[in-house]
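Both of the next two complexes hold chain A, though its partner changes from chain B to chain C.
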Partner chain A sequence: MRANPGNAADRIEPVVLVTPGLALIIGAFFFPVGQILILSLVPPEEGLSIWANFARFFEDDYYLRVAWRTLKLSVIITVATALIGFPLAYVTARSPRWLAFLLLLLTVLPLMTSVVVRTFGWMIVLGRGGPVTQLLMALGLGARDAALLHTETGIVVAMVQVLLPFMTITTLGVIASINPFLEESARTMGAGFYRTMRHVVLPLSIPGLVSGSLLVFALSISSFVTPNLVGGVRLPVLAGAIYQQATSVLDWNFAAAQSVLLLGAVLALLVPYLALMRRAQHG
Partner chain B sequence: MKKLFNGTAIALVAGLVALPAQGQQRLVINSFGGAYEEAHQRLIIEPFEEMHNVEIEVVTAYSADALAQLRAQAANPQFDVIHFSGGQEVAAAREGLLAPIDPADLTHYDDLYPFAVEGLEEGRGPVMSVAVLGLLYDTSVVEAAPTSWEALFDPAIGESVVIADISNTYGLLNLLMLNQVRGGTLDDIQPGLDAVAELLDNGAQIFSSSPELQQAFAQGAAVMSPYAQDYAFTLTEAGLPVAFVQPDEGSPGVYITANVVAGRPNTELATAFVDFSLRPEAQAGWAEALRYSPTNSAAELPEELAGQVVYGEEAANRLLRFDPDVVNERRPEWTDAWNRLVAQ
Partner chain C sequence: MVRRFPPSALFGGGAVLLVILTFMLLPLAVVIMSSFTASQFLVFPPQGFSLRWYGEVVASTAYLEAAWVSLVLATAVTIASVAIGTTAAIAIQRRKLPFAAAFSGLFLSPLVLPTLIFGIGLLIVFSVYGDGPSLAAIWVGHVVITVPYVVRTVMAVLADADPFVEEAARTMGAGRLARLWFVVLPQARSGIIAGGFFAFNVSFDEAVIALFLRAPGVETLPMRIYGQLEFSPSPEVAAVSTLMIVMTVIVIVLIERFLGLARVSG
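Let's look at the complex of A and B:
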């Protein structure tokens, strides 16, 4: 920073630099989201309260089931990606360079393919007559026409594969910054592998796990393409229900209310997280 | 001096970039993707582009989506020509989203069947092809060709029946057809919903897009499905042993219309495009490529091809047509009822 704060150019420069980004966020995010907020408050008929659309959501058993399914699956997916992503990130962080590079490549490569293409791949793999069914039949576990396609398990499997890179990469950054000497000292003091993990590595990688989980949760709760294709129309999730309301049923006000609720669910987790992080920094 | 040079260079480049945009006209249309869109490009879009030196931008959107987009864009429409397969043109015309067409602007007006040009003055575009809904079945599994819609309810094939979701025009028509077979009317579709519930109890699966149907037949997961004649042909072309049959109780017709969107600067060109879509060569091309039935009496089809489509005014008039006004008005309510029925 210049030593002369009175210079007009100094005052204008930061404003000019920030304006394009700010304009983009306001125009492309806050403005449309604001419109949706307003849409959601318009009651379906004259005389009803502005909360009529929200009330309708909570009074209807069908939508409550959709919301419960979305929430339940998102939690399962988040936990599953954490269980798979954490060991993967740890191994990648502690491997020799060539292996770390290979693992990283394998993790990131799926992201290079469109998620729709990957999902169609899962539909073939999980469908009747697909390799998964044939394997189950060969092992004597599956009925003749069993398939994971159009089931909640199928949704979880496909979503975990799609979202794993996000969890892994986020956690990897944090683990890589843990000083390996800390683990070595714990081992020299007599702690076994699992005790070291529990008392040294895990506590230190919590920030990475938490932000990874938050990312995966937010992505899976608002996910539309994969649950729609793999789960089918009989297992609707919230994002799919919103899409149907907006394009088939054409009740935009109700669709807006559902979108606000979805946003609220993600914010409900984000705010405590930010508060915790803040306290960790200052505490 | 440098500034002058830079300024001139920029002006020149800007001018060169702007030139093509001025010279060539543009049309924005929608199509239905997959094999349909390929045929659409070959038979109508590319020849029109060449003939009139026009650039045509194609947006893939099924009819329900297209209508939703038109409604959202009412203040500033982005489409010039919009195609519908589910009777949406009735609602769109009533809402003022479509521009009326003067019969004098359609060179093929006189050759079209009367049902194909109803409502032109209100904005409802002409019908450019007709598809027929019936039963598709796997000939290697089902020995005798089914003769009734009730064949779907046979418990023996219960788990291998696949039906389309209501978001697809064919799915909606299927629901209405089963409703009619089971004694319901457009005012009360409960018999239709009960019929679908019965199919689901038997183990039927629901799909939402045409490629999923092809995949189901290819993987042996589907043995019978109520769907359209044009898709049966696509499946046979892909090498699958699938045949199509029109059941005795009657078959609903799917009327694909080409409509001119209101409030756009180049309505003349759009109307010319609609007219171009109706010419006999295009109609014959649709029949050959996808087994769509023509609406232009001047379209000439070879005999064996004529046997595989609905040929002639008489045959076309025998197709069932559910009142588009009622269908459009009650579709949201039916969609809601369907979603509640099928959700697990």
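Let's look at the complex of A and C:
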């Protein structure tokens, strides 16, 4: 090793390069998120406890119903995306190159399309007189004015489509890393296809399914564009209520308290998600 | 010799796949079909074929203005995001930045936190410490959520690039800036371009942060579409939405061309 005269400069260079990004992330990301925490503890009136905003949430039947609906729908949405996402990811991982590329393309295209555009599509599909109504009528199951728009079922259907790519891509990463020889050995040893799926592929895919589910659940409880437009005003979810409080009612302290509850739930899910992803990358 | 996939799995799997793909593409297909309707209102299936709604969009100042705002915003976001993300990625991947793993986690964190929570935080900060929401505020928010894409694509490309090229340049007497400009940046080129397209697409399509930071007289295209959908969906909205889908397809083709979809999503 030769003596390096640029040693000090070598240490300074990466620091200089990383500074603008670091300033942005701390100042424009962590600082605003931290502000929510502070504001949520400012009581609406002098003399009230710092927990007043949270107490208001838990004492009001309306908000408890909104929170319950949000949780219930998010659980259903998560289970549905896992059930659909797993076979899709498996087929993508084990397909010939051209088919795998096509499937990936068809997963990424909806993902990268604006959420307002996709939601609009579901408003037409689920709306009165739309394809779903016509299908139900043809099957003799529904009347002319039957529609899934403004129903909880409608919210679930649209949200599953919006969030499925996250589940597929997360699970795909894990399935692609499973050695195909494991499946082949199970088959040569006499296990059938379905038995191999159940006892070899599925157990090895669990980390992907779990981290995909955590991500989908976290995104689901905090979505408001799709639930607001598909569910309408009579089926508010937590994120929609926060949006209303923050932009129409302008009650920031209460909106901040609701966001803190949401943030707590999201972090409780994201911490294990990130830990799983790290293990999947290094393991 | 065992058959790799039994016929029941092949046929069943094929059928399930077809249903899933229909489900994924249905909303986009319906929007595109509806945009060519000749009727006054949204009906399904669309009546006749006409380009009148595209004509209406092109003649509407409200849509043109919103499209212009979105275009300017997405361009400004892309420039800032590429500059900040590329330098950060070089520092983490190529230079011996201490705690590199922690830093890369830090830069990717806006990707995992739901934008709703970030949006309300920005609204509070700009209202308490600034003059309230504005287009500039939306720009800041969009730069934060797009930087992770640039960091990720540039880091991925640099990880595969040969570090000894730079070492050679150094031995030949190239200075610090010259090595960054003539060696590292060209090596990172495809990642920078793909990350830039991602940033542009995310900003152009983004609705949540924009809605939270809604200021009087400032309207992006997704904000306008959201407003129309709350108020009264029309074939005109379908035409605008179709144009946005076309734009997304173009961006995906460009990303595939410069980096490859599989590498970005994997």
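Simple rule for what comes next: the second predicted complex is superposed on the first by the 255 of 283 C-alpha atoms of A that agree within 3 Å, B and C clash if a C-alpha of one lies under 4 Å from a C-alpha of the other, contacts with A are read in each partner's own complex, and residues count from 1 in each chain.
Here, a residue touches a chain if its C-beta (ideal position, glycine included) is under 8 Å from a C-beta of that chain, and two chains touch if they have at least 3 such contacts.
Note that this is a predicted model, so its numbers are computed, not measured.
*Asks:* When the two structures are laid over each other on chain A, do chain B and chain C clash or fit?
*Replies:* They clash: once the shared chain is superposed, the two partners overlap in space.
*Asks:* Of the partners chain B and chain C, which touch A:D251 in the superposed model: first, second, both, neither?
*Replies:* It touches chain B, and chain C stays clear.
*Asks:* So, A:H150: does it touch chain B (first), chain C (second), both, or neither?
*Replies:* The first partner, chain B, only.
*Asks:* Between chain B (first) and chain C (second), which, if any, makes contact with A:L141: first, second, both or neither?
*Replies:* neither
*Asks:* May I ask you to decide whether A:A268 touches chain B, chain C, both, or neither, giving the answer as first, second, both or neither?
*Replies:* Touch status of A:A268: no partner.
*Asks:* Considering only the touch criterion stated at the top, classify A:A8 as touching first (chain B), second (chain C), both, or neither.
*Replies:* After superposition on chain A, A:A8 lies in contact with neither partner.
*Asks:* So which one touches more of the residues on chain A, chain B or chain C?
*Replies:* Chain A has more residues touched by C than by the other partner.
*Asks:* Considering only touches as defined above, state whether A:G173 meets chain B (first), chain C (second), both or neither.
*Replies:* Second partner only.
*Asks:* In the superposed arrangement, which partner chain does A:G129 touch: chain B (first), chain C (second), both, or neither?
*Replies:* Touch partners of A:G129: chain B and chain C.
*Asks:* Chain A residues touched by both chain B and chain C?
*Replies:* 123-124, 127, 129-130, 228, 246-247
*Asks:* Can you list the residues on chain C that touch chain A in the complex?
*Replies:* So the residues of chain C in touch with chain A come to 2, 4-6, 9, 13, 16-17, 20-21, 23-31, 34, 42-44, 83-85, 87-88, 90-92, 95-97, 103, 105-107, 109-110, 112-114, 116-118, 120-125, 127-128, 140-141, 143-144, 147, 151, 176, 201, 204-208, 211-212, 214, 222, 225-226, 229-230, 233, 237-238, 241, 244-245, 248-249, 251-252, 261-262, 265-266.
*Asks:* Can you name the residues of chain B that touch chain A in the complex?
*Replies:* 64-65, 68, 71, 159-160, 165-167, 205-208, 212, 215-216, 219-221, 331-332, 335-336, 339-340, 342-344
*Asks:* In their complex, what parts of chain A are in touch with chain C?
*Replies:* 6, 9-11, 13-15, 17-18, 20-22, 24-25, 28-29, 31-36, 39, 84, 87-88, 91, 100-101, 103-110, 112-125, 127, 129-131, 134, 158, 161, 164, 169, 172-173, 176, 187-188, 192-194, 215, 218-219, 222-225, 228-229, 239, 242-243, 246-247, 252, 255-256, 259, 262-263, 266, 270, 273-274
*Asks:* Which residues of chain A touch chain B in their complex?
*Replies:* For this pair, the touching residues of chain A are 62, 65-66, 123-124, 127-130, 145, 147, 150, 228, 232-236, 241, 244, 246-251.
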